[in-house]
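Going by the order they are written in, the chains are A, B and C; count residues from 1 in each one.
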Amino acid sequence: MSASGNFFENFRIGVTFRHATPRTLTEGDAALYIGLTGSRVPLHSSAPFGQSLGYRGRTIDDLLAFNVAFGKTVTDISLNAIANLGYAEARFIEPVYAGDTLRAESTVIGLKQNSNGRSGVVWVRSRAYNQMGQEVLSWVRWVMVAKTDEAAPAPAASVPELASAVAAADLTVPPFLRLQDYDIGAAGSSRLWDDFRPDERIDHAAGMTIDDPDHTLATRLYQNSARVHFDALAMQQTSFGRRLMYGGHVISVCRALAFEGLENALTIAAINGGTHCNPCFGGDTLYAQSRVLECWELPGRSDLGALRLRLIGIKNLAPGDVDEPRVEHGGKTSYHANVVLDLDYTVLMPRRRVLNS
Amino acid sequence: MSASGNFFENFRIGVTFRHATPRTLTEGDAALYIGLTGSRVPLHSSAPFGQSLGYRGRTIDDLLAFNVAFGKTVTDISLNAIANLGYAEARFIEPVYAGDTLRAESTVIGLKQNSNGRSGVVWVRSRAYNQMGQEVLSWVRWVMVAKTDEAAPAPAASVPELASAVAAADLTVPPFLRLQDYDIGAAGSSRLWDDFRPDERIDHAAGMTIDDPDHTLATRLYQNSARVHFDALAMQQTSFGRRLMYGGHVISVCRALAFEGLENALTIAAINGGTHCNPCFGGDTLYAQSRVLECWELPGRSDLGALRLRLIGIKNLAPGDVDEPRVEHGGKTSYHANVVLDLDYTVLMPRRRVLNS
Amino acid sequence: MSASGNFFENFRIGVTFRHATPRTLTEGDAALYIGLTGSRVPLHSSAPFGQSLGYRGRTIDDLLAFNVAFGKTVTDISLNAIANLGYAEARFIEPVYAGDTLRAESTVIGLKQNSNGRSGVVWVRSRAYNQMGQEVLSWVRWVMVAKTDEAAPAPAASVPELASAVAAADLTVPPFLRLQDYDIGAAGSSRLWDDFRPDERIDHAAGMTIDDPDHTLATRLYQNSARVHFDALAMQQTSFGRRLMYGGHVISVCRALAFEGLENALTIAAINGGTHCNPCFGGDTLYAQSRVLECWELPGRSDLGALRLRLIGIKNLAPGDVDEPRVEHGGKTSYHANVVLDLDYTVLMPRRRVLNS
């Protein structure tokens, strides 16, 4: 609630922050998001396509909703963050339509002071709700936050147990979703759930150079107020030397780059985990690589499956040149210097039998 | 009406220009404006928040409406302007909603030829109307305009008397506005009208680097056709050497930067005066400083007060480093070289008693 | 349908591609398009203006609809294009409103292998339909496409006959269009159809510098996936050395720059032909020059005429400095190095008698 944000010693397990500035998402946000990412996901592009599946129209892009909801948490949780360390257990629960208003809240679920005594890790579970009070999204993230008073006592360390992945049975499949009229021509590919196998790797050919005005426009659209993304003058004093690209926008761009090869991915059902491995800056060219982790049937649905995917975001290097996202240097493995994102997520995809119905 | 615009000798006291290109403002404009400024003003962000106060929904940002209305006046009034000298008596009269269409007209209310005989100052009162013919906005501005025919006779000098501020009694408070359900959590601060005192100063921590594509995108959105903002090649021939940032967008950005600390400012009721003290260019980092000038009760409202504020826009220097916007050099005072905006404006803000109702 | 696109040897005369990703166009797209171009065409700016002419509201900009429809054809037709050689017979048939969904298909109507055996020219007729199945737009374009298998046999050469212009009788005039309430004040000029004469030339004063983030934002909005516009790293390996500006956006910008002098051009009825004469890059400043080719009466309409215009797009040189778009060098004529667009198109414009009705 304070303009200077919260520091590590301000967080207490169990405290819930109700974040400011509810946001009505509209066709305007949807259009600008397409302009910022070039996304061609049919469910977010075409109202009749959405209606043919039982949706009320096209939906707001899953990651636009996520980034806007995430943006609300920044002032309370991460204005003084040193690093965003990870995501887990993100679930996409209700579709978001133009006209819906999102608000968000976060509960502290873990705390651990760093051994240096100058910072600590805060785990929060955040939830976004629409104007009808329905839970639309939830996710866990953990961030390293500075202390402002180093003399403040360390809290009892409490590290939450997090699932390695949202289980198939916990994925939300809209109950109204019907695929008997599914149009593979709309997405532009005939590859369906049945056509993927674990360990398959797709090097997506598309690349996109992101300039400073691109990522700052996106990050303002998300109403994310973290200063590292906007204030080039202040960033000159940091080791980065310039504005940092918001990691959530890196996810958005990489997801759009990964469209070709995964055209029939209907919607994102979960983000199981994610790491921003290296920073991105204006002028970087992003590429994407996808690896199929698991192919899941879904309880009660013979028309739809889930794919657990690993999305590797790469900067300034063709994806064919990255065989392993992690590399060994002197006996230690760490992320390849050009790998910027390692995202484990789950999509819903129609199964081949929808073509025969 | 001419593509080459009007020159000083073309203006006559009392003549009214009806400006071209009415504009329907939509959710699309609202979204892009958030993208361009990062604005988090709740009334412009959330439809349910607006409805809880008696509005039909969220409203189009006051300054988006102002900049669009202003943009319409450029072709007739300031295409040949040498300088925008000031604003006064700007009143925000009716809320603007997505779907409303604005048109604008301007009446010449003052003329004074400069002693050099090559230019003069033109004062106009401009008004914007919605599609129902309601006056939505009005303002006075004065600009220095070149003569094209230096032999044209000087008009009788006529300088209008302008109020130093729109008086509290002249501020428009929407008659339907009700604050009994006012939600301070939506804005993210519990500081209300009662908590401000004249002479308080807020150095807003947020800074924003504005690149050329940012301000040109904004200025095109406003349909402002002044060439100094767009034509980098022609600007190379000027003393600036490059594109000038549109001053109205500087106001928009500084207002967004000044959000923290003034979160409960509901809406702008008036701009009492304003000066663009120094030019801004792509790459400049903007900061904002607010000073409270006056705290006004409002006739007939115990739930709402007005704050008259001074918004100082600063480039490339932290706001804490600007103690006085005007500095003395050799016995003369002039604006600090890093001060780009000195805006005197009035906002409406709920009073503490709304929390007890 | 394949991520690597089609090569010359994959095209067969008569084959129709049904392109992916239908797109719902909204007020969001309309707003962003104004932001990207600064367009002030009244029919695309003001809902009441459109309604006064019999339209349901304001319409989606003709060129926004064209660029979006065009974008859909890229994956199937021109992902491996070496050059976009030309357009012809583009007809704007139905108005597009916010909420309409466009889909597109293309039929191969001509093929001719180049003498080098490594590429060939493909002619396609593309059509865009709205969600009601109405044909909204159609056009022919031809592109030079690489072969991937040089040993593939050359098809029988077949070059379609194309009209030099869409004839006046073939232009679509909306049957509901009524001009008795036409408001010349809305457009800001009293120059109507009767005031133009063949061979008139207008050097439009406005210029606009387009930065890389501008044209990439536009091209992503159009969901155009051609990599040459986005991937600066890959483009370093080409003779261009950097990202190419999408030619359709050059048309959009030049049309907006050509507004002054042609304010009463209601709508584009046809594109008769067009050439992207030289490439544009981020940082180029664009200007426009218009030449009146023909002034046509329209069958059955005494209130409306058509102007066939030639729009010359120029980079980095004032339009007054280009007397001839084509210049002679050593006995051969070719385009002036600063001319980037040569577009032959037809607009509808009210006739003077609407003022007396």
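Heads up, the rule we're going with is that a contact is a pair of C-beta atoms (placed from the backbone, for glycine too) under 8 Å apart; a residue touches a chain by one contact, two chains touch by 3 or more.
Fair warning: this is a prediction, and the values are worked out from it, not measured in the lab.
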| item | value |
| --- | --- |
| Equivalent interface positions on subunit A and subunit B, same or different at half | different |
| Angle of the C-alpha superposing rotation, subunit B to subunit C, to the nearest 5 degrees | 120 |
| Between subunit A and subunit B, centroid-to-centroid distance (C-alpha), Å | 37 |
| Where subunit A touches two or more other chains, by residue | 26-29, 31-32, 98, 211-213, 217 |
| Subunit C partner contacts - residues on subunit A that touch it in the complex | 26-32, 34-38, 40, 42, 45-49, 57-58, 98, 185-190, 204-209, 211-214, 217, 260-261, 263, 283, 285, 316 |
| Sites on subunit B touched by subunit C in the complex | 1, 3-4, 18-24, 26-29, 31-32, 75, 98-99, 101, 131, 211-213, 216-221, 223, 225, 227, 230-234, 243 |
